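Read through the structures below before going on.
Common to both upcoming complexes is subunit A, partnered first by subunit B, then by subunit C.
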Partner chain A sequence: MSTPRRRRTETLPYVIGYGLSLLLTSIAFGLVWQHVLSGHTALFAVLGLGLAQILVHFRCFLHIDLRRNSLPDLQLLLFSSMIIALMVSGTLVVLINLHSRMMGP
Partner chain B sequence: MDSVGPQLRHAGLNLEDDPRESRHQVESDVFGFWIFLMSDAVIFALLFALYGTMLGARAGGPGPADEFKIGSAFVETLILLTSSFTFGMTSLCLKRDHKPQRLTLWLALTLLLGLAFLGMEIHDFVTMVSHGATASRSAFLSGFFVLVGVHGLHVTFGSLWILVMVAQVATLGRDAKVKINLIRLSLFWHFLDVIWVAIFSVVYLQGLIVPGGGS
Partner chain C sequence: MTGPTITGFLLGSLSWGALPFVRAWREPNISEIIGAGAGSIVVIGAVVTIALITWLQAWEYLWTQWFTSLDHKKIGIMYIVIALVMLSRALIEAVLIRSQQAAAINGPGFVEPGHFAQLFSTHGSIMIFFMAMPFLTGMVNYVVPLQIGARDMAFPYLNSVGLWLTAGGSGLMMASLVVGEFSTGGWSGYPPYTELNFSGGPGPDYWIWAITLASIGSTTAGINIACTIYKFRAPGMTFLRMPLFCWTAVCTAILMIFAMPPLTVATALLAADRYLGTHFFTDDLGGNMMNYVNLFWLFGHPEVYIVVLPSFGVYSEVVSAFSSKELYGYKSLVIATMAIGVLSFTVWLHHFFTMGQSADINAVFGIATMAIAIPTGVKIYDWIFTMFRGEVRFTPPMVLSLAFMVTFVLGGFTGVILATPPLNYMVHNTLFVVAHFHNMLIPGTLYGLLAGYMYWFPKAFGFRLNERLGWISAGCWITGFYLAFFPLYVLGASGMARRTHEVFDPAFRPWLYVALFGAFVLFTALVTLFVQLFVSIRDRHANMVAVGDPWDARGLEWSVAAPPPEWNFAVIPQVESRDAFYWRKRNREAYKPVDHYQDIELPKPSACGVIVGLSAAACGFGLVWRIWWLVALFGAVVVATVIIRSFLRDVTRTIPAAEVEAFDRRWLAQAHYAKPVSRQREMSRRNEGLAEWTA
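The block that comes next holds the complex of A and B.
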């Protein structure tokens, strides 16, 4: 059945994922908490770290990778990301435009 | 017995023991659940967009720096991350045919962490409401309560679902249906964690960044 070696290859993603996500979370919170960065630099750093952590979660916890047998999941994910990008950017354009027209000077 | 192959795809399944047909059945069931998760992701993405556009609409009410507490957001994050890890251990227990007690133990631990998270979140909400930062105070606060509240509701239903699964494991053992429900639940739980990562980055940390002179 399950050899010790296979057990390790199965447990490893969870341990690595947990470790990496703790690390990324701590860096992101540390940056803001200790005021290491400010303004736009801090914003982009936090968003970048968040994105990296989301990728770690997908890879380690949700088992999405580039292997052939998880390809349908990956394609679904990419398609949904496209839909989300379209809807979110559309919302932002419309609402920001509306805002500047109604609240402007 | 293939070494490290398809059975890694959904930890939690003894795919190598199952006949090929039920393997395909499981794969399409899980894929269907992925489609649900993605539609859920669209809802969250639009709530994020709404929150982003409402950031400036404070109507003279309290802003992020007045209301968000970085300490409790950090602890909530740690709790949720740990619960994702304990659910991973649940999936491995399911796969390896340990005693059902161990599976139930990991599930119960995940449930406790989920409830702890909810408790902290409710406490935060109550503190905010107690000094006037209610959802009706400004568009910004409406956006905040809807976005974070919908995530909280998901965690609530996830916790209920864990309870149901504990009951199913206890009464039905681990037959194919129970297994596949647990796999769905694990996807749901890990997905909520992903949403929370976006929430603490976009809502809490973004709101607490010092505007500073940085470029």
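The block that comes next holds the complex of A and C.
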């Protein structure tokens, strides 16, 4: 059975992760809402905050870190990255192409 | 003055005109009467079912043993029941579509344009989201844990939530027949047509929320299946010892995990446009419908592999079992499956070749599309070589598998035609496309699911299905397909657009008549399928295969009783090789008692899945009709149930070792006294589920 102490160390990462996620999300909303940034800077700031949040989720919720990375976890991560890269890059190519052909000057 | 506001608050935008019966009364024409008829079938069907259950006093049994069950086997069966009900509806709609087109040559036919558009939209949406997806999810649910030597899925409660979300979505589809109308935007629901400006009614909202429930359900199912296969394999069951069905299941699960989110995003943004006044996909104010098209097909193409891969798995099992041979080229099949899985994320643009990209981009995606034919071809050859010099028995699942191999290859050829952009420009949006994708989906999905249903049925229920009726049904599915869809190639190549309500070229007439006749043959096939089920249940006592191995098959699922006990395996098996059970039989190690029985822990039944799924459906209904109190109430119920359930600690129950032992010994005694049956006689009453093996 888990001692109270062990339970504390087990829940701690979740609490930290939750706090960090909340913080990152509110910053993203705040930036736009309060008009702190605009245009492309706002876009990339939100994108960066989103990526940071992905890392937080990996670290705190999925317990993936660089030290004791077991092979299956790494494989899954690489596979997921590949699929997402395919979808995102393909989408960018297609939509930029469409944009230049249809919305051009 | 307060009257209208109160009803407005209580009923949102609902009014009497939403009921098809009222519409048929006000405007009695054939189209409305068909609508009212369909609505009454739903209502009468529901009333009769409820009355029957009450009369049989089966509510408590159904609630405790089925609806709240977290047993993967029961959840699987319930998924398949939903799929068969929805298959019936969608097939009847297909017959109506075909009748309308055959009747509307130089005339209006008998179904009004709006109603016709609803018919093809519901047919397509149901066949994909509420027939193919539940059917395959159910089959994977039932079979995979048994094949990998596990007691249940990784997340039994999530499994139940997924089931009931699918059931809730199906409920919304059915509700759209009785209250209001469905979308007229096709199964793909392209904006801007599905935006408020062009489709103001509740139709697209029904579509959005039904699809959303189903796709969330599928995402959870995908996560569950992948985790089960990654983490719950029996000791010794390495990846390369898994039956091929498990490989296709894990590949499908991965596709679900990555492919469903784009759809959910697309429908959510469309909903935002319709409900919140945003402009993601509108014509004006910066909206861009190509974003929707791109997201939809990012989902849509992997989706076709989601529905096709499990059937490939079924064929691999069926062909090997009914040829009494090891699967030929196991590793090449595994590699081909995974290659198809990855490639399926690189080709989505072939669904919109004609929507404005440059020719270079079209060429890249066209070539990628053709590349998928290579791993698929590998598979076909592997199945053929599996049969080569095997002891082939033409059971109904085997007949369906053979029909698949021939028919699917033909569909693949027309796929390569469509993957060539210049040719695609000629036939896009015609019946040629409809013929092509049915040519893939009916053999590639439906035949496989039906073959799997007939192959594993004796395992699930302990008796064989009637083979004669199985052959008749398979024969009708096969001839019906050719009659119903090959004429469409001709029609499409001659320029007949898909989704056409009226036809103005009399030269199309003979082809449309043949296609209609084919649709009737397919309907006969469906009826025969149900007759087969009925007759087999009636004659079950003569066809018992309780020992559990009627086909001398290979996987671990055949190594337990039929039907299997709730805990699947008395002890978790130790796996030494591929085709584990087959070699255990050959080495005289099958049907041996266990030294030491132990208590087994299983998940307790839970009503939370039912509550979440049905409340989500009620919430969706509220959203469709803008009944905000309903939305708030049931939205809160969903959230509260999820949270409360997460605090429950006492969620398992223990089956005492004595009970496990008693069951196991009874079954072993049955196996001991049963007469082994030879392969030639496996379709006779002598088959008690114990295979005779030589070698």
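The criterion applied here is as follows: the second predicted complex is superposed on the first by the 90 of 105 C-alpha atoms of A that agree within 3 Å, B and C clash if a C-alpha of one lies under 4 Å from a C-alpha of the other, contacts with A are read in each partner's own complex, and residues count from 1 in each chain.
As a working rule, contacts are C-beta pairs under 8 Å (C-beta built on N, C-alpha and C of every residue); 3 or more make two chains touch, one makes a residue touch a chain.
All values derive from a computational prediction rather than experimental measurement.
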Superposition on subunit A - do subunit B and subunit C clash or fit: clash
Contacts of A:86 with subunit B and subunit C, given as first, second, both or neither: second
Greater subunit A contact set [subunit C / subunit B]: B
Partner chain(s) touched by A:7 [first = subunit B, second = subunit C, both, neither]: first
Which superposed partner A:95 touches (first subunit B, second subunit C, both, neither): both
Partner chain(s) touched by A:73 [first = subunit B, second = subunit C, both, neither]: first
Touching partner for A:43 - first (subunit B), second (subunit C), both, neither: first
Touched partner set for A:21, first subunit B, second subunit C, both or neither: first
Subunit C clash site on subunit B (candidates 8-16, 26-34, 80-88 or 206-214): 26-34
Set intersection of subunit A contacts, subunit C complex versus subunit B complex: 72, 80, 83-84, 87, 91, 95
Subunit B contact footprint on subunit A (complex, rising order): 1-2, 6-7, 9-11, 13-14, 17-18, 21-22, 25, 28-29, 31-33, 35, 37-43, 46-47, 49-50, 53-54, 57-58, 61-63, 69-70, 72-73, 76-77, 80, 83-84, 87-88, 91-92, 95-96, 99
Residue ranges of subunit B in contact with subunit A within the complex: 3-4, 6, 8-11, 31, 34-35, 38, 41-42, 45-46, 48-50, 52-53, 56, 70, 73-74, 77-78, 81-82, 84-85, 88-89, 92, 95-97, 187, 190-191, 193-194, 197-198, 200-202, 205-206, 208-215
Interface residues, subunit C side, partner subunit A - complex: 230, 254, 258, 262, 290-291, 294, 298, 342, 345-346, 348-349, 355-358, 361
Interfacial residue positions of subunit A with respect to subunit C in the complex: 72, 79-80, 82-84, 86-87, 90-91, 93-95, 97-98, 101-102
